[in-house]
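In the part that follows, the structures are each spelled out as structure tokens.
In the two complexes below, chain A is the common chain; its partner is chain B in one and chain C in the other.
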Partner chain A sequence: MDLRHEHICLDSGVDSVGGQVANKDFTGETLQMTAKLLSENPEYYTIWNHRRRILLHAFDEAGGLDKDTSKSPNESLPSPAALDHDDNPAAAGDTPHKNKPAPPPSNTEAQKESSLLIQEDLAFLLPLLKAFPKCYWIWNHRSWLLSQATQRLSASMSRTLWSNELKLVSKLLSIDGRNFHGWGYRRTIIAALESPPRHLNTNPASSDGGDGALTMLESEFAYTTQMINTNLSNFSAWHSRSRLIPSLLEQRSASRGERVAFLEAELGMITNGLWTDPFDQSLWFYYAWLLNNVLPSEGGSENVSGNSDSNNNSSSSSSSSEQKRRIVPDLSVQEATDMLSCEIGNLKDLLDDTRDCKYIYVALLTYTPHLISLRGRRVGESRGGLMAEGDELTAGREERNEDVDDKEAMRAWLDELMKLDPLRRGRWIDIRKGLDS
Partner chain B sequence: MESLDGTNWDVVIAGTGIQQSLLALALSRSGKGVLHVDRNAYYGGAEAAFSLQEAEEWVEKVEKQGGVDTYFSHASIRKNLEHTGEKAGLGPSRAYTLSLSPNLVYTRSTLLPVLVSSRCTANEQLGFQAVGSWFVYSGWAAPGDSDTSTTHIDSHLLRVPNGREDVFADTTLDLRTKRSLMKFLRFVGEYENQPEIWEQHRKKAFPAFLLDQFKFPTASHAPLLALTMSPDPPSETSTEFALPRIARHLRSIGLFGAGFGAVIPKFGGLAEITQVASRASAVGGGVNVLRNGARGVNYKVQQTPTRPSEGDAQRNLSEPGSGDAQTALIVQLDGGETVYADWLVGQDADLPLATQKYTIGSKPRRPSVALKSITIVDSPLSSLFPRTSDSSPQPAGAVVVFPSRALSSDQATDTSPETPPVHVVVHSGDTGECPAGQCVLYASTALPASSGLPLLDSAIVALLVGVQEDPKPCILFSMQYQQQSGDTSSVAAAAEDSPAAARVLQFPSPDLDVVLSDDIVSNVETAWKGIMGDDAVDFMRFEARDGGGGEEDEDEGVSYGPP
Partner chain C sequence: MSLAAGPGRGHVAQGQLPEELKLVVDKHVAYIQSLDTRRDELEYHLTEHLRIGGIYWGLTALHLLGQPDALPRDGLVEYVLSCLHESGGFGAAPGHDAHILYTGYSVQILTMIDGFDALEEKMQGGKEKIAKFIANLQQPDGRFAGDEWGETDTRFLFSALYTLSLLGYMPHQRPDEPPIVDVPAATAHIKACHNFDGGFGVAPGAESHSGQVFTCVGALTVAGELDSYLGEEGKDRLGAWLSERQLGSGGLNGRPEKLVDVCYSWWVGASLAMIDRLHWLDKEKLTAFILQCQDPEEGGIADRPEDMVDVFHTVFGVAGLSLVGYPGVGEVDPA
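Up next, the complex of A and B:
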């Protein structure tokens, strides 16, 4: 079949599907036509929309949701507006869990029928997913199918499906560990498996998600460790790790000492990585996130996390939720200074050994000013905010010498960066201006 | 069967070693009349593989020959007759296939593509299995109570990092060493493009190069030296030797699958390849005769007796200006027959009385002598065969390197003699060479029997301690022999300048390198080109024999994985 002929066949297929859907002709034949079209071109999201309309119709035919609820059928489906808009693919995973009627606990005929439809579609998707692992619309449709399962099937049926999804995504990630679709989907699965809503919990009596929620965080954290050990350059694995850590620490009810130890252990691990391969950018991203847990958050006052002193009510309510996400929410200025100073010393050591890696210079340039400012704050803090004149002269001078040395070093690093990364001259010149002013 | 006496051949190949067998394979589609003889009762020559019974017979024969016309000497066998304990003892003779040629084949080698393109790997005739991990022995030996015993203390086997993630995970290296190691690995991956770093140091000893150019501490040299598989002690391993070897190791990883860079042929090393190649030759019309070697060869320019008519057009008289004169070699066989050939090819041990020959591949060989041992133990030694990642195949081979001086009992001082390293290639039962639950350990060191034997014994004992298994694995059977790589024949032969002038082509004697050299293939190609002359096209590129083979077989590569 030559290309032009094939093109015409596909076009007419598209037209006929469009026509059939418009006529509410949701037959199996139309469904098959969408399958054919999507196998050729899974990026054609309009056809995915059509397919979903056909499936929804099929769900309704099978018996739809439990009519015992007082909600009207339409409320539990994605809004019609989303479906009619051919430019917008149906949002996946958007269907909020709240406001949905709980399906009955037993497997009714309707559920069995719907379950079959869903599983058939999942099976249809599988070879497509393997062939096109980075196609948004395939992942999208899969999420939609799973969310339909959550709504329509019994808790145990949908839990089985979600568990299978976890196995599938692990398999796909073992083939390509850096596919961020896979990682995002994995987070969706974990959220679903952990989620407290009754309809996923096989034990209706338990209200807090039960033991399932507890084990997932630890195992997911271990999973990121495993993926990193397989390939250090896995941006998605590092990112996932950063997302899991705050909840993990909370779940462990980690004491302050444990939290500090955890932070130090993560810094140790990333240092191991940076020394092994400082040219790997993904390591620097994670390193930056870790150091953000050390540095004061924006608008901070007396201590690093922005918590106010007793008399100072400058802490804003928004920072309190950020504090909760920090590894050590109440890190003192002294602790932060020590940690940052140690890190900068380590980076300088690394620089001695590897002079041609621009990321090291950039990191030093980024964090040295913070160290300078932290040192200033520490002195201010230890003086209780008041300084005697004599003190000011001597203390100030020490600081200034240290700061002067650091600024000198920064100029030298900028010189190196001019050579290593001449395309960003403008940026290095800007930073230099900031130094000299 | 008709007598061979008076028959005419285009090529007589003497010996069924790997080079001769590959040549027979190369000629198998050429239409040339090939007679392939071997004085032994088995295929493989110096690369053969034996059952226990056959191994014993071979050892007896070697001792009787007393080093004449053979590369082997000082052979002996020790069996552990008092084996007790829960594990199974030595199985029946045929349960074992012990190889004289347990060479490692890197995925980046010329042998594998040639085996594929010549269809040897089609229809699962040949299987290859992954060599997964390299280990370096660490520990020290204290002199024991008696003169002959030593106690091995703190013995363990350290896995050699294969790349960045291994370096990251390694807990024995400090950060600076990791950095230096990574810098070196990065460099060696592309060393050809950075001559300024190493060219001037090419003759320098490799350890000195590592220290000077990469600030790599001596204490951490062992893993890199292990990857070179150098038969010499560190101070005699040059930079120009080491760099290509390490580069090849690293570039081979992942080529045919995740987590491994070298393979071993299943069922007994190169011997299996010689069998497949000889079979292919027979299918192509060649005649294989065992128990009959080439005893002597004479050269005469004469009117040869009637030749088969179909041979005329294909005969290859590359001697210029030969006109009607027909040169023939008159070859005497061990059985007394006389055959006529245009070409005679073999190794020097197969051509004992040849007086004129063209020598293929004349580089000096190192090492020139080695002591080798084959040991069967009653444990699967699972710790040596970890799967390197989820997607990598279960390895069937592992390498354990004993650095120079690692087995010496006065290791503390640097004044003890710098012995050569010991290389042990471990084969699991998955290779089919021994029953499941047992392993075959192939050890070698570049020393003659007198000094080599205690070293090899010590290495095997230390290895069995180093795997830290309880109960300690027992030795069921042990065989050792000395092998030399030089010529054995006592007849001084005149060296000819070209194949055509000599008509007798001599392959080099077997290499003692644990790693299979690409020279094997290039030597075969040289011989093939000499014989084929102007018809030399498509070396080892064959179509499938049956019509149905076609395109699918084109991509059919080597089959890997668990048995």
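Up next, the complex of A and C:
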């Protein structure tokens, strides 16, 4: 078929679908036409909308929910209420409203039919998704189908579908570990699988979240380990790992000792990686996240993460939730100083080994000022009456000498960076100004 | 307006030295003008779902290139209004469903061509209707859906805020009226998308991405909360992440270990401009990269040298040049 003829066919296809939907002519033929059009052009979002209109009609014909609840925006994420119907038969006759759709009727024929429709559409979608893994509209339609499953099918039916999605997304991510659509979809799946009803949660990957809530934190954490072991340079996996850890430690009810050990183990792992390949950006990214757990945040109490006097915009409640997200929430100034000292020592060793790696210099420049500040606070604490005055002065002088040496070292590192990384001169110059002021 | 790629390709003309690279303004203008005449091509039809976007990109490029009238105004007014729905939303083309993104582009176009009177003629109280269409897409947790089907993304949040701002319906523009959108909830959502590396993702938990950085920083700017939220430390951290997007070729990528693409000249450049750290990029090398992406004979700019040109990369390449002060290119507001 020549190209000109082809586009005329496309246009007429689009027109006919539009016309049929407008006339509420929701036949299988119309559905087929949308499939054909979408296979040619999966970005034709209006046709996706038409396809969903046809499917909604088909769900209704099968004996589904009250129409009003089924396409409002809040339904794109599964709500626990929808999965609770086995526990809540009395709600079957309630009037649905936006946040709480009526539970699916116990009419299993309707559910079987709806399930078939959904599965057929998922099957239709699969080759498109593989061919166009970065197309927002395709991912969106898939999410929509799964949310319909959550609303309309029994808990166990929808759970099976969600579990299949997890396998699918793992496969897609093994092909392209940086596909952020895939990672986002994975988060949606996990949220769905973690929602009630718990007694139907036969997912072996779940672990007890403490108050009976079953979560997939352990298995997801293990997944990131697997991804990293497959390819150390998997940025998205490191990112996901960093997001999981705070909740993971909370779920494990990790003791302070366990938390410190965890932090040290992660630092050890990343340091090994850096010695293997200091030019790998994703390793430096995770390293920075780990060290962020050691650095002080605003405020000046005896804890590194003190927050009560902070002048920043966030309320004290948000600062304390930030505190809870740290691997070791109550790291003392002494502990932080020791850890940071140790890391900076490692970085200097690394530098001796690889003099032309700009990331090492950047890390040293980033963390040395924090070490200077931490040492200052440690001395300040000592002034709380625990030291004799002569010792205090000596400590203060030693510390100032150390600071001077460090600042000299920073200037030398900046000089190196100017040569190694001239693209970012503007930034190195600004840092230099800060040092000299 | 065709969003088809080509026919040109980014390259340096035979024998041309790097210092001799210049922006071929007239060729780009002609390229943009030619786009609507390519209706025979299959790709013209395959890109219909983006048509209004294409017009917005083409028109913006023409404004920056100093030729705002190169596309006839009347045709534009008529076309844009033909995409308007009763709900107050605009679709990508006539007959396409309303969506927040295309509503945003349409309002931008109407602003550029001074078309709000024509809007009022077609739909009484049009501005307010559009504002309400957008307001109704806000979710309880502050984020915005794109349309009735529920997909949410920080791009849509930015679309919402800048469009309302252009229409004059942001709460701070109408302090005596009840607010039609919940700005604090919206900015709270943005903040939830803020990652420790300084960047922003498409949703809470998502990794930082330059496109999302632009939309989130832009949204905070429109809401007037950028400085108070980020502070100098936040700006340093974000600036560091953004400046690392520049690679040896001078071009910018979207996130670590990805390829350069000329459109990031805008997403990254504008973000840096909004946080006062544009000087953390090597502007000369970026300029040279952008110029190497243009087709000096047929006009248009591509995502990287050797690839085919298209109108999307044309506008963002030119906008990138505007940010770095390339002579002859109009000034652009980063937000």
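Keep this in mind: the second predicted complex is superposed on the first by the 354 of 437 C-alpha atoms of A that agree within 3 Å, B and C clash if a C-alpha of one lies under 4 Å from a C-alpha of the other, contacts with A are read in each partner's own complex, and residues count from 1 in each chain.
Note that a residue touches a chain if its C-beta (ideal position, glycine included) is under 8 Å from a C-beta of that chain, and two chains touch if they have at least 3 such contacts.
Remember, predicted model here, so these are calculated numbers, not experimental data.
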Room on chain A for both chain B and chain C (clash or fit): fit
Computed vertex angle (chain A) for partners chain B and chain C, CA, steps of 10°: 100
Touched partner set for A:D353, first chain B, second chain C, both or neither: first
Contacts of A:N229 with chain B and chain C, given as first, second, both or neither: first
Partner chain in contact with A:Y44 - chain B first, chain C second, else both or neither: second
Touching partner for A:R52 - first (chain B), second (chain C), both, neither: second
Partner chain in contact with A:S174 - chain B first, chain C second, else both or neither: first
Which superposed partner A:N272 touches (first chain B, second chain C, both, neither): first
Most chain A residues touched (candidates chain B, chain C): C
Chain B versus chain C as contact partner of A:S282, first or second or both or neither: second
Minimum distance between Cα atoms of chain B and chain C in the superposition (Å): 16
Chain A-facing residues of chain C, complex: 40-42, 44-46, 48-50, 91-92, 95-97, 99, 137, 139-140, 145, 147-153, 195-197, 201-203, 205-207, 209, 228-229, 231, 239-240, 243-244, 246, 248, 250, 255-258, 277, 279-282, 285
Touch list for chain A against partner chain C, complex: 3-4, 6-7, 10-11, 14, 18, 40-41, 43-46, 48-49, 52, 71-76, 99, 136, 140, 143-144, 147, 178, 180, 183-184, 187, 233, 235-236, 239-240, 242-243, 281-282, 285, 288-289, 292, 312-313, 422-427, 430
Residues of chain A defined as touching chain B within the complex: 174-175, 229-232, 271-273, 275-277, 350, 353-354
Contact set on chain B toward chain A in their complex: 164-165, 167-169, 175-176, 178-180, 182-183, 389-391
